[in-house]
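This report concerns only the one structure given below.
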Amino acid sequence: MSADQFLQYLISGLTQGSIYAIIGLGFTIIYAVTRIINFAQGEFVMLGGMLSFILASAAGMPLPAAVVLSIVIASAVGALMYLLAIRTARRASVVSLIIITIGAAIFIRGIVGEAWGVDFVRPGFFTGRTSIEFLGAFIHPQAIWVIGTTILVTIFLHLFFSYTMTGKALKACAINPVAAGLVGINAKAMALLSFVLAAALGGIGGAVMAPLTFTAYNAGLMLGLKGFVAASIGGFKSQLAAVIGGFMLGIVESLAVAANWGPFSSAYKDVIALIVLLLILLYRSGRLAEEERTG
Amino acid sequence: MSEPILETRGVSKAFGGLVAVNKVDMAIEPGRITAIIGPNGAGKTTLFNLVTGVYAVTEGEIHFRGKPLRKSPPHKRAKMGIVRTFQNVQLFGNMTAMENVMTGQHPRSSYGFLEAALRLPKSWREEEDIKLRAMKYLNIVGLGQYARHNALSLPLGQQKLLAIARALATEPQLLLLDEPGAGLNTLEKRELSDLIKRIQEMSITVLLVEHDMPLVMGLAEWVIVLDSGSKIAEGTAAQVQKDQKVIAAYLGEETD
Amino acid sequence: MRNYFKWLGIITLIAALLATGGIACDGEEEETPTPTEAPTATAEPTEAPKEAYKVGAVFAVTGGASNLGDPEKKTVEMMEEQINALGGVNGHPLEVIVYDTATDETQCVTMATRLIEQDEVLAIIGPTTSGESMAIIDTVTTAEIPLVSCAAALSIVSPVEDRYWVFKTPQTEVEAVNEIYAYMQEKGITKVAIITNTNAFGEAGKTYLESDAADYGITIVANQLFNPEDVDMTAQLTSIKGTDAEAVVCWSTDKESAVVADNMMTLQMEIPLFCSHGVANPNFITQAGVAANGVKFPAGKLLILDIVPDTDPQKSILTQYTAAYEAIHGEGTINTFGGHAFDALSLVTIALEDVEDGMSLAEARAAVRDSLETAEFAGTGGVFAMSATDHLGMAPGSLAMIEVVDGEWALAE
Amino acid sequence: MLKRFRPKWQHGATAVLLTLLVCLPFDWFLPQYTTLMIFIGLSTMVTVGLCLLMGYTGQVSLGQAAFYGTGAYISAALTKTCGFNPWLAMLLAAAGTGAFAFLIGYPIFRLKGNYLAMATLGLGLILYVLFRQLGPGGPSGTGDIDILSIGSFGFDTPFRRYFLVWGFCLVILVISQNIVNSRTGRALRAIHGSEAAAESLGINVSQFKVKIFVLSAIYASLAGSLFVHHLRFVSPQSFDFIASVKLVVMAVIGGLASVWGAIFGAGTTRLLSDEILLRFGEWDVVIYGLVLMLVMILMPDGLFVWLKGVFENLRTRLRQGKVET
């Protein structure tokens, strides 16, 4: 494998990775605050892509406006989902909450399919189509947008969680809801915020990646699963962990393709990623057990 | 003095940096009610967790009836005859009072998946005994009439009694009670201490952690005092009450 | 507040259930003849096809292959109206019962059984995908009801002795592959890289791409895979780029193919891209945009209607169908998948003419099958001449190599 | 048998339901629902396992369809490619699946709650890919699988298979009911109630978790084997993530902590997706999602338990009415 070829694999890994990462981020934020695994996260991503296409092409908006508006709508959907489906579900177990989010996913998917058809679509590129050469490897201008956005979003979230009052409040809820409640943080408001934030993230991700990856009413499921794996690799712990998880996943997949031998081929790239996930989970479980004993 | 039923030799437990239990030596006389007291954070419950195998000791040895316990997990120790109750009762909310106690019979019955699945004679024969014994222990703690009530529907006092019945159902030799008196009113406390005396008459050794001094002084024939992880005194209730170190420890607690 | 929410919800739920129940009941009413009549129908034959001729359809209206199943559904609904407007078949109105398989084999079998046992249809058209078709072959064979599949795989109708009741209308991947390889041979391409989807469609293509290459003096120098819904194939294409392949063949439906085309553009790969007939959908061009230019693929003549000579036997039917379909669903919505359904239902309608009043359900089904086996018909997909040895019976030259030139279909020269 | 409060009406109801179950496939009753009922039976077999695992022991599994799949695929492979006797194949499949569950059980049950959910989900996805890549017929699956038969009597019609499947299903239900009301069942519920307390009472928690996991896997495997010999076709799609989710939905709708709820859960869910929603044409998916959410929001303990509650209330109300008059 030549150097520039390797670089190409790496870029491809990073591109996919940042897609998974930005979806994984959504999972992590909601989980941190509410302990809910939101299987509708992928649908937010789908919404971001579909809406920006519909608004730009059908409604004839200028692309930037369409993107912004689609993000806003996605966040609104997130808010509605929390208010109508999650908050009303009192004394629901982990499992029923998971099922509720799955129900929401199916619902959103169905509506979009009915409203705008089942064909796959692609919103316009942000900055042209001519791919950029970099040390003998090539990169899609939109891919730079995707990677860039992921990095920016991560930095933003970091600043938000460590320097703003609201961010700290969210963090507090994540660490210890009871204590947070005692110091007068409104847990419900925080949960709502986490859903809005996650949905917005999904929307952003969707809007930015759709020109690169195409999208369709049913694109959310697979993206959601990948993002979920990314978040799981990150342990649903911190935003950074989720992002690293995403990049790991992307690069593992791309290297599996590069190796392209027996089990290490493109057909098994998901398996490899998932085995990595299982190993990480088990390793962590050992540590968790220790923490319990020592804590 | 007969051979101790439980003996800890230089037992220590460190969580990362902080030492919760520090080189504790204690010998529990069989058939005697022993109490472990001490200010908050003295390491009483940690010591319980070491004895029952929830935590692994960092240092030292625990001997039960002369044999070292080593790393055997809680469920093995329960089979050997070391059983405990919990500070926060920990009843099975998804069962009736009766079923809770029947669950206690687990180590004293043996039929497994297959017998259960196919209803082999062994299963229902054992079930009969289990029910009889469970009822017996429910009556001992005086909850016979609540057999069919959901465990958590009972008031706290009765929940604590039920927890003890459940522990008794395992037919232990050493019963560890973690703050049995906490949250009980004076009447309930009297019932409790009567019950504990009756348990002693069943030739079961009782080891309890308790904050309520009157209760301890009324019950315990031997008192061990822990402070910040180390044993600072032991003796009869009267003796420890006079002990300067003990008074200091408790005063220290009050001042801060 | 809590109660308010709770009751609001409960009321909505009850309403929903009532609605479903209500509609379910209506449904039952429609069907009450079916169960009650079932025994008598077989007992005294004269009862059987008095009222409408029922034809069943199972399409992947939702799920993975929905972009194929959707136009199929639209097509048969359109045809049902047209045929009944013209007085139906043998004076009997035609009733087409369409069920959604959600692109799931199990669901497909359930629906097929439902059509056979509950709705008592005379023939079934669909399913959309090869996997689903394979799944119900056994069902229709044991039930002795003719099936006209709208899926590609050759194995659906061969070996013909095991497929007595099964027919199909789309060109097989074998023909598609041969079309591509023949074209390559002509152009002197000898080294190709293949990149295929891991789903049933891609797998079938892969099989024949591998087995038939040698016949055309072609060697496969790279053999890559990707999963359905994968969003980026640059890694696979990078591996391909590292080889001395002279062309890439991608076997998948339109979305992933578009990604491949786009990724190849990103990697500035100059070698030509050949796709399966699965991309034969105008949406492919509109969405893949510039990346689609130069993509070559075999497809029925439906897409290149205006360049089909008037002498072509299919010309008239192609024009009719296109006109009718686009009249309802808009310009440029025409695609070959709807065409497959069109051919399937047309064949069945022809066959239904041989059903005589007084036949029992079983006899009627047998009659339809027998006449399907001798049916001749110039359809949108090709000119069909069914026979006992060939349940596709498609005359050669049904496919044409098409190239995308500046966002338009054109015959690849 | 545990002294459980069993009102008479329950016995009556059971009798009626059984009669209906037996009569259903006959021409003079509801033959058109035979196939649907076969699938309900198969789903029930898997769901019961999930109820034992999730409802009684409190351990989540989002990958149960994978065991359904291993059963199906081992049966398919052994009978089709190796020409085994279907019954033997079914046995080997169950054994193999059980052994597999046992091996992965110990490591995986070191995880709890959401982490366990993640791990089981991952496991399911992995097996799905393996079915697709290594299974006979690859992604398109394989057909023409032998039917089950006893001597010359073949289960070649839906009518016969109906009784085969429900025979299996009822046996599994009874077995599970026995387990629930036994020493083992109490141990399982104890684990759900409080692992610490269970452990302190001499219950080997991790061992019991694995045991029940294995049992649920064997149930799923048996169902899978019956599934292939019914459809005579197997393809990976039937065992993907969605399939696992559907199973969990069935279990939860059935109210988890009740073995008989499993039939109800499987039944209503199947009925909803295969019968009622069809009336809604294209909107079926949307409504499915909606109903799913509403049920979970309003009845966290599942539809079955909810209805039971309503029913009991009504009866007590009526009683009081009588007393007053």
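By letter and in written order, the chains are A, B, C and D; residue numbering begins at 1 in each of them.
Please note the rule applied: a residue touches a chain if its C-beta (ideal position, glycine included) is under 8 Å from a C-beta of that chain, and two chains touch if they have at least 3 such contacts.
Since this is a predicted model, take the numbers as computed values, not measurements.
Minimum number of contact steps separating chain A from chain C: 1. When every chain is represented by the mean of its C-alpha atoms, the one lying closest to the mean of all protein C-alpha atoms is D. When chain centres are set by their Cα atoms, the one at the greatest distance from chain D is B. Rounded to whole angstrom units, the spacing between the C-alpha centres of chain A and chain B is 49. Each chain gets one centre point, the mean of its Cα atoms, and the points for chain B and chain C are 71 Å apart. Remark: chain B and chain D have CA centroids separated by 41 Å (rounded to whole angstrom).
Mean C-alpha position of chain A lies 32 Å from that of chain D. With touch defined as above, residues shared between interfaces to two or more other chains in chain D number as follows: 133, 282, 285, 290-291, 297.
Multi-chain contact residues of chain A (touching two or more other chains) are listed as 88, 90, 113, 221, 267, 270. Counting partner chains per residue, chain B shows two or more touched chains at residues 54. Put simply, chain D touches chain C in their complex at residues 27, 30-32, 34-36, 39, 132-133, 137-144, 156-158, 231-233, 235, 237-238, 272, 274-280, 282, 284-285, 287, 290-291, 294-295, 297-298. Put simply, chain A touches chain D in their complex at residues 31, 35, 37, 85, 88-100, 102-111, 113-114, 221, 225, 228-229, 232, 236, 267-268, 270-271, 274-275, 277-278, 281-282, 284-286, 288-289. By the touch criterion stated above, chain A contacts chain C in their complex at residues 1-2, 5, 8-9, 11-13, 15-16, 19, 88, 90, 113, 117-122, 129, 131, 133, 138-140, 143, 209, 212-214, 216, 218-219, 221-223, 253-254, 257-258, 260, 265-267, 269-270. On the chain B side of its complex with chain D, the touching residues are 52, 54, 73-76, 78-79, 83-84, 86, 90-95, 99, 102-107, 109, 111-113, 115-119, 123-124, 126-127, 130-131, 148, 166-167, 170.
The part of chain D that touches chain B in the complex is made up of residues 1-3, 5, 175, 178-179, 182-187, 189-190, 192-194, 196-205, 211, 215, 257.
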